[in-house]
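The chains carry the letters A, B, C and D, assigned in the order they are written, with residues numbered from 1 in each.
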């Protein structure tokens, strides 16, 4: 469990704590296309790091590399002092990395509660035997974790929909459920893939609040991928900008806002310093 | 209305996750168990022997397959072969002198090991491709059964099943066999229900729904797929053994052929994927409907004194039976369990129908 | 050597006839993503109809076959119209089960109405052997193989016509096809009709081999294996898969049977399918579905 | 639409449930015929059952036997053991005491129950071949040449046709790859040792509709004689392959399952010369068949099926498989007196002696030891339009058959 809840300073731009995630010079090619080209970044404990960039800039590929879905052709990923470059996704999850998906990956056919309970999977010591001996063994484990889940439900204000099947919920609530599932694992690193996609301004602000709460109350480090800059700039401690797979800028939010390469990338203007392929 | 939920509030986590959350349902469950226990005094022995006993054992088998197909989402067209492995192992073990319970457990275990081999392709493929590879394995197991007389029991390929004993009490009467079957099925149903509401069950559903998302929350997809095959084959093997001991009393390869595998899949789907009560419905429907339709038609023809050629009369039930399968699926693609659920949901909120989900 | 050649040639011809049954499955799969488990029942019904039209109604051979093909086309079209269309959007396995129910209905209705006993398929093929040097080839199989090749070639040509291209588009993406104005329902219904007609022709060939009765519906299993092996959505894949299954089961069982003392034919086919699925999970020609996270 | 489906279901199920057992009338012997009308035994079930029921109807029309009349229950099992067991349990409670399932898997599945319940199970030409051993299987009756006996009769015919010497001859067995298809192998192996012919078996897997690879192997073996051991559609396929491979058809001898329809599928003229084992006289000339045609079909109009079937190969097999039981009822009334119980019928069956129904079937003599009744049959040949007998009723190599029977029944006893 993450230690030092609330220890991360709220003052933006002054990251504290040890480095928890360190990616060095990651390269991932698909056929002739280089989706991620020598990207390096590091994330400190309790920090919110945003990775932004236009569509197709390699943000999601980067996340898939970190969470183990793709293996990089070059480079190294170290999480909490352990090399996770070649590990499989479920092993990485067990080390304390949780993520959400851009297109949502909730398990339909299950209630909100069951979905979030699944987030506790890595902490559950249950197996077939405990299931077979449910009344002597399994039930205690289940109830213990139910308590932990209720805390997350509380945090993300999901009490009213606890028993609803997820497929019946509106998209904004579903994103919250997915965040809850990720948080239920009490991850040390939370990777969010465009958590605000398809949301209106009000929902976006809610989501931003939840992300900050998660960091402040649970002490989770956050790697946030976003497409638009507005809300991101408000909550992130640092920002990395990708364009066509290449890291074109890194720094504090306000620095990034004025960075010429970033502006060029977002306006689509082909400038001398914009990398091409 | 009986299912009314208004005013029922759970104050503990335990109450919230009970098997039956609605008081009426809890009462119904108890009533059904009492009725099942008292069945030998309620129904005719024909009903007991020919319908209730095989229905219950088949339900146990279907629960095992449903665990795999309904929860873990893996298609299996070789379940009959798994049941055969269980039945033949158990009978041979019992013939070697082992007690009934040990024999059935041994059947389950060997079936689980061989059934897990069936699951190997599942680590690579899914859907129809998985269906075809399990079908291929069914053909291979069938072939071995028929080819090796030492397994299938000599030139006649019929193996007599030793009389089962439980703790020294021989199960000779129809009632004793029925009760044993009922207890077996109850245990399997409880186990599957517990799987459903604990972490293992959730993990299985997760990998059925989205295996990449399952991986990202730390579920070892390979392990759980293999586990699903193992558990379902274990249940299937034990059910095959139970069928042999408590119902068939002699095993022949035809009892577990490809058509039996298809029948088991039909039971799962018609009953309702991933539903425990649906397993009961599905097994009952697929097993008993052809029989009752056949007898019903015959009685009907006799009562109306219409002369229909016996061959035509024999083919007509197939039309009705196939038509019912088709009709039910058109009516309610999620199976009989969903039909029950519709009624239940309607009554739950009665008379406030507008809150219906 | 002649023994091997004989086994291989006959096996290949039989394989082509399997491929013809399987092509009906592929056709429907290509347009609607549905695997029709009633295809065996269709073949049986087609064979029965040909028999009934010729032996009972006194039609000539060719008119009888054409009439049966037309009737089966109508049956296929009706199946889609009345049953399958209402299942759009339901899980695949439910639709599979629905077609299985249909198969049961056909297996009851057709023999029930026309007689369950085996009937001769009234087409004049001589039993006299064809000798290719020392190699004996079955006349029925030569005809069957030839018809299979012609039919599959016709289907391939069909896929280059306007309706065929529409069908391919539909198979790729229903919604997108809708958006560009392709009548999706009509296209799917057409594919069912064509596969019904193909079933009738298949029924003639297999009826000539084994007589006409319910057991023709058992061809489903072999056809399904061949279709899956071929990748489910490729006609050339089906032909190749049919050849592979036919040749392997014929040649291997020819050499292995005497040692095992049993018929290994079906087992060989099963092993071929099992291994192929393990090595090439999407069949020989199937499109691998790439999942995006 | 929805309501309609429900109502049909409710009606049909209700009718099924309401099928109350008819009150057992006085002096009626009830048969149970749960047969396979829809699957593997389609080729034989309709005519066979028709033969059995028509013969029983004839007996009833003639006033019954010893004051007893016959009743029967017919239902389809689809060759599924559990449906067979259901029908067995249901009919038994409705008073049926004598069963014929016309299906090996179903018969074998029911056999343990029948032996426990004390119910007569007829297994002519199907079921357990070792049911011939009356000591081990008191309640099972083969009542006709089992497959081992059929193999010996066929070899006897070959031996006679070859002038009494088979040394150096080659005999092949083309069989379906199932327990039934493999049954004759040990007998033929034993006979090949005794008579000095060379023997080889060629299996094709079920359903056997594709045999070209099998026959390519047969041709390589260059057999003098071929035995055809299958049933249903694969039989005509086998004969066709024999023609195609240029094998002389008068040296092709089939097990009992080859009839007129198979010949028509091959082509009646092309199939001329094929031989088969025969266990009852087909055709309409026999007086019993004539009587059935006249009394049951023309006068009473109570024929159980299509009139065209009367006198077909499997129809007369049907007559032959119930006639000994009717005879036993007569004996039971005569010897043991009324009321006739199932135990008395069973005991009387073991007293049936030299019964041949005026030559419709080979003489059958059943004893407590021998439930097969002598294992006699004859060879007949297709002349292009009908089956013509080429031998008399005969049996052969009985010691070989009984050795097989005892070996197999001993195996069965082990499991008891």
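Everything below uses one rule, namely that a residue touches a chain if its C-beta (ideal position, glycine included) is under 8 Å from a C-beta of that chain, and two chains touch if they have at least 3 such contacts.
Since this is a predicted model, take the numbers as computed values, not measurements.
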Report task. Averaging each chain's C-alpha atoms to get its centre, pick out the one most distant from chain B. Result -> A
Report summary line: Contact tally winner between A-B and B-C is B-C
Query raised in the report: Taking each chain's centre as the mean of its CA atoms, how far is chain A from chain B in angstrom?
Result: 42
Query raised in the report: Whole-Å distance, chain B centre to chain C centre, using C-alpha means?
Result: 32
**Report entry** Distance from chain D to chain C - Cα centre to Cα centre, in angstrom
**Finding:** 35
Query raised in the report: Multi-chain contacts in chain D: which residues touch at least two other chains?
Result: 37-38, 46, 177, 182, 205
**Report entry** Contacts with two or more other chains, residues of chain A listed in rising order
**Finding:** 69, 101
Query - Contacts with two or more other chains, residues of chain C listed in rising order - result: 107-108, 111, 116, 262, 264, 266-267, 293
**Report entry** Residues on chain C engaged by chain D in the complex (per definition of touch)
**Finding:** 3, 6-7, 10-11, 14, 107-108, 111, 116-120, 127-129, 136, 138-139, 141, 206, 209-211, 213-215, 218, 249-251, 253-254, 257-258, 261-267
Query raised in the report: What residues on chain B touch chain A, complex-wise?
Result: 13-14, 17, 191, 194-195, 197-203, 205-206, 209-210, 212-221, 227, 231, 274, 357
Report summary line: chain C partner, complex, touching residues on chain D are 37-39, 42-43, 46, 176-177, 182, 200-207, 209-210, 212-214, 216-217, 219-220, 232-234, 236-237, 240-241, 243-246, 261-262, 264-267, 270
Query raised in the report: Which chain B residues qualify as touching chain C in the complex?
Result: 69, 75, 120-121, 124-125, 127-130, 132-133, 135-137, 139-140, 143, 146-147, 212, 258, 262, 265-266, 269-270, 273, 311-312, 314-326, 329-330, 333-334
Query raised in the report: What part of chain A is in contact with chain B in the complex they form?
Result: 67-69, 88-90, 93-94, 98-99, 101, 105-110, 114, 117-122, 124, 126-128, 130-132, 134, 138-139, 141-143, 146-147, 168, 181-182, 185
